[in-house]
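Below: a set of structures, written as structure tokens.
Okay, so chain A shows up in both of these, paired with chain B first and chain C after.
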Partner chain A sequence: MKIAVIQFPGSNCDIDLYSALHDVCNADVEYVSHKATSLDGFDAVMLPGGFSYGDYLRAGAIARFANVMPAVIKLANEGKPVFGTCNGFQILTEAGLLPGALKKNDSQKFVCETVPLEVVNNNTLFTTQYQAHERIALPIAHGEGSYYADEKILDELEANHQVVFRYASENPNGSLRNIAGIVNKRGNVLGMMPHPERAVEALLGSTDGLRLFKSLLENGTVKTEA
Partner chain B sequence: MKQAMTPEEIKEKKPYLDWSLSEKEYDYISEKLLHRLPNYTETGLYSAMWSEHCSYKKSKPVLRLFPNKNDRVLQGPGEGAGVVDIDDGQAVVFKAESHNHPSTVEPYQGAATGVGGILRDIFSMGARPIASLDSLHFGELSDAETRMKVDGVVRGIGDYGNCMGIPTVAGETTFDPCYKGNLLVNAMSVGLMDQKNQQEGNASGVGNAVMYVGAKTGRDGIHGATFASADFGSGNESQHSAVQVGDPFMEKLLMEACLELIQDHAEWLVGIQDMGAAGIVSSSAEMASEGNSGMDLDLDLVPQREPGMSAYEIMLSESQERMLLCVKKGHEEDVKKIFDYYDLEVVTIGRITEGHQYVLHHDGQVVCDIPVSTLTDDVLEVESEEKKPQRLIDAEKTANWVPEIDDVAAVYQELLTQPTIADKSWITRQYDSQVRTSTVVGPGSDAGVIRVRGTKKALSMTTDGNGRLVYLNPYVGGKIALVEAASNIIASGALPLAITDCLNYGDPTDPEIFWELHHSIEGMAEACRVFDTPVISGNVSLYNENNGSAIYPTPMVGMVGLIKDAKYVIPSRVQHAGDKLYLVGKTGDDYAGSELQKMMTGEIAGTLADFDLEHVHDYLSRLLKAEQSGLVASDHDLSEGGLAVAAAETVFKTELGLNADFRALDKKQFFSETPGRMLVSVAPENAAAFEEIMQDDAMPAGEVAATQWLEIHLADAELNLPVAQMQKLWEEALPCAMKSKD
Partner chain C sequence: MTTVRIYVTYKQSVFDPQAESVLNAIHQLGHEEVKDLTVGKFFDLQVEGDQAAVENTVKEVAESLLVNFNIETYKFEVLEAK
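So, the complex of A and B:
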């Protein structure tokens, strides 16, 4: 399984995603420039955290117009795994690959801490190695992470089991229904504010994020071989 | 373009006095260096380059007291940042810089651009920044304006560092009334590089190109350097235009482009330097001076954000996110391609010339034609008068304050809520401390620790300054500043390597203040020699005054240490119930300048006891050896609030408590701030080996408890306090103080 990590101008968790995949999971991963127009040959794509285009206008609002985005959308439409964390999640909502939007944190402040999460749906490409309703802890680091969608969409997300992660203790940013991460209806596009790539090595304090990448590598491989 | 004044008018009206150039210096420039009157642009360039900020003309004689070499130092002071060998062909690059004046006037932008400037210093050396630290000193939080400034400074540091993707992993924040009108923002950056990539600010080779890269030049920050070298009067508001505006996104692009050029195409590059204080003039003149070259620049080619800028404005603008490169002739287009990819400005604005003249063209005219060295090397050093401060002479005649403690539990709890001591999570949560996934230890410990990818190594880093102690005794306070930093580094399990500093003082033309500067440097320098931690970079920030009242003399020490194997990073919090506790270092009756004194008397007064540096170094070195042998489970340095605060902090945010035997100390000594002490925990099976190494320098002090209680036995008191309740007081104090509405 060959994975692309997209580098937008201002991405800064690209190295973190790349290292988690390459150094820790021994995955086949490559950086791809935002100027690229094709993702042919890739089986999955990941949008890293950071401040693409300086978060000017609105987080993710400019990145959605990057040259590479039509290729990302094409890959998503082919049912291949697409993953976005933090700024990557913001870009996925701005690009319409995921419903809803991410607003400024209720506190109006950037927040960096490790928070408890509930794995709400362990039956996605990205979460099969977790137990249902398992509590894990992952780092968050964002200023615009308050998930918003209208009631109808929120109800649909819940009905379709699209809510994958929920904040399990204090809600750190004001996200509606404590939503921390969602998938699209088809289940191949995951966006989440927490950073699983920051929790893959015991030396750095936690390995709770590792199983997300391992789930994907396992399921992605099965899928491509099948 | 017409100059704003003729040379004769300048001589007569003396506008340079407002730019902090003295009449003596002006006369020296005209009569001895140029043998003619300098024109308006030239006068502006001299006033900026001869400012204390750029030339260190006042502090140089005492800065020479610092040691700045040892076997590991690859680059000492004088370049963008210092460089230290960390083996395997790698080097750590670091520097700290103050941004006190801009942050006082405009806290958000002042602090943000402080971070931006220090990051450029690091990547201009060829290193990738891997961590940021800060040292912040504010007035009291009871003051609404101070609260606004704290909020602005913290947001500024956070927004810039977070967007750049550089983790902010350690720092300090203190509160004292003396910083109310002149707060201190010291930012430190640490970078990592392969030694082969080391760059310098050098421009040489006749015909080589001088290339401008990064953001456009605007009118912001003009005369920032001289602004930083003058006292605040009333009416700071009018100085707003001297504060720069930062754009971290631009800087991120600039960093990636510069590192790509340096790492992949070093052969195209002769030299590179940040356009920091005094903008284009300082970077270009310093590079030409370093290369012993002449330089010819055409200012019409400088990318400009607004029309109608004069040569003077272009040269002195401190617009952010700009770099100056010297590129080998013929590679201009190659370099341009790299910067074009990142949509950055990239323009050849001049060439290296024969001879040593610094020539500027603007609007078809030569607006400056002066020898390069007159800007950089001919600055008149200022011999300063010095005099022992009267307050120190008076203090020696008065007995030191001794606390009388009745209810030790009440004092303990109140102490934990003092803003200087209270939990700083309200601040550090606003900083991304984990980006780049290398942070082994983040904020809230003695030192931040970053692993070096692809090796077993880790780097430990800290910032420490205690103005109160330096105020009471500059020499001893200077020694303590260094010992405190070294203690923090050693507490994390690292060998101290070297330091950077920010020397924050008042007006040096006041003989008492210059005496403070001189004597605190002597104290620091002595401790640097004992710990073999040379000063490899730093800056001096003088004139930190408001309406004639100076801050405490506040030298900030930024230290970096090396951990050979990240497996032996030592946490500051206890790990296992049953582990043995030890108090390392002797406790004396040291209350002058303590947090306890401030809390109980509302003032800082008294004299400091001197101490035996060699002895402290000896037992801390043995402690490090014990840590490196895997004998130590946790180690927390004692600083403000003494043993009392350290005992609480070492169990906070754990599930454990202490059953501490401090019966060698009485109630007041529980709060004493004798330097060079640590609270250590050791697994029972390692206790004998640990005691063998530490001998009399580690006092057995009870053990780690399984229940969350602080059970503390003192000579004249017993305490049994619930950790949760103590932690709550400590955690809520700062957010609560920030929320007050009065």
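So, the complex of A and C:
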């Protein structure tokens, strides 16, 4: 399974993602520039955290127009795994690959801490190595992470089991229904505000993020061929 | 050339923490008579073309880039047409 990590101007978690996949999981991973127009040969794509294009206009709003985005959307539409963390999640919503939007945190503060999460759905490409309703802890670091969607979309997300991660203790940003991460209806596109790539080695303080990448590496190729 | 100003704000139904903070500051300033406040952004565009073409352009730009309809809404006005 060959994975692309997209680098936008202002991405700053691209190296963390690459390292988690390459150094810790021994995965076949490559950096791909935002200027690329094709993702042919890749089986999955990851959009890193950071502040692409300075968060101008809205976080993720400008990145949506990057040259590489039509190829990301094509890959998503083919059912291949697409993962976005933090700014990557914001880009996925702006690009319409995931419903809803990420607003400024209710507190108006940038939050940077490790928070408890509940794995709400362990039956996705990205979460099979977790137990259902398992509690894990992952770092968050964002100023615009308050998930918002109208009631109808929120009800649909819950009915379709698209809520994958929820904040399990205090809600750090005001996100509706404590949502921390969601998948699309098809289940191949995951966006989440927490950073699993920053929790893959004991030295980093937590290894709770590791199983997300391991789940994907185990399931990704198999399920997308079906 | 027509100068158009596009205003983008959160929808009424969406909580705006920034507006809340500013309103609190206004109250701390002693102006309790200020009951509500909207914070938004504006964009001034200089657009070529006749009135209908300008409106089309403005709508296209606003709706596909400047506004995120999940949380925001917009309106525009013509500031200057010459």
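Methods note: the second predicted complex is superposed on the first by the 221 of 226 C-alpha atoms of A that agree within 3 Å, B and C clash if a C-alpha of one lies under 4 Å from a C-alpha of the other, contacts with A are read in each partner's own complex, and residues count from 1 in each chain.
Throughout what follows, a contact is a pair of C-beta atoms (placed from the backbone, for glycine too) under 8 Å apart; a residue touches a chain by one contact, two chains touch by 3 or more.
Just so you know, these numbers come straight off a predicted model, no measurement behind them.
Chemist: State whether chain B or chain C is in contact with more residues of chain A in the superposed arrangement.
Modeler: The partner that reaches more residues of chain A in the superposed model: B.
Chemist: Name the contact category of A:His195: first (chain B only), second (chain C only), both, or neither.
Modeler: first
Chemist: Quick one: is A:Ala61 in contact with chain B, with chain C, with both, or with neither? Answer first, second, both or neither.
Modeler: Once the two structures are laid over each other on A, A:Ala61 reaches chain C alone.
Chemist: Output check: A:Phe126 vs chain B and chain C. Expected answer is one of first, second, both, neither. What do you get?
Modeler: Neither partner.
Chemist: Touching A:Gly100 in the superposition: chain B (first), chain C (second), both, neither?
Modeler: The second partner, chain C, only.
Chemist: Does chain B (first) or chain C (second) touch A:Pro9, or do both, or does neither?
Modeler: Touch partner of A:Pro9: chain B, not chain C.
Chemist: Quick check for you: in the superposed arrangement, does A:Tyr167 touch first (chain B), second (chain C), both or neither?
Modeler: Neither partner.
Chemist: Give one of first, second, both or neither to describe whether A:Ala149 is in contact with chain B, with chain C, with both, or with none.
Modeler: Once the two structures are laid over each other on A, A:Ala149 reaches chain C alone.
Chemist: Is A:Ala141 in contact with chain B, with chain C, with both, or with neither (first, second, both, neither)?
Modeler: Only chain B; A:Ala141 stays clear of chain C.
Chemist: What does chain A use to touch chain B in their complex?
Modeler: Residue list for chain A touching chain B: 9-10, 12-13, 15-16, 19-20, 49-51, 53-56, 109-113, 139, 141, 143, 195, 197-198, 200-201, 203-205.
Chemist: Sort out for me which residues of chain C touch chain A in the complex.
Modeler: 13-15, 17-18, 21, 65-66, 68, 70-71
Chemist: For the complex, which residues does chain A have touching chain C?
Modeler: 57-58, 61, 65, 93-94, 99-101, 103-108, 148-150, 174
Chemist: For a test of understanding, state which residues of chain B touch chain A in their complex under the given definition.
Modeler: Against chain A, the touching part of chain B is residues 155, 158-159, 162-165, 247-250, 252-253, 342-343, 428-440, 451, 453, 566.
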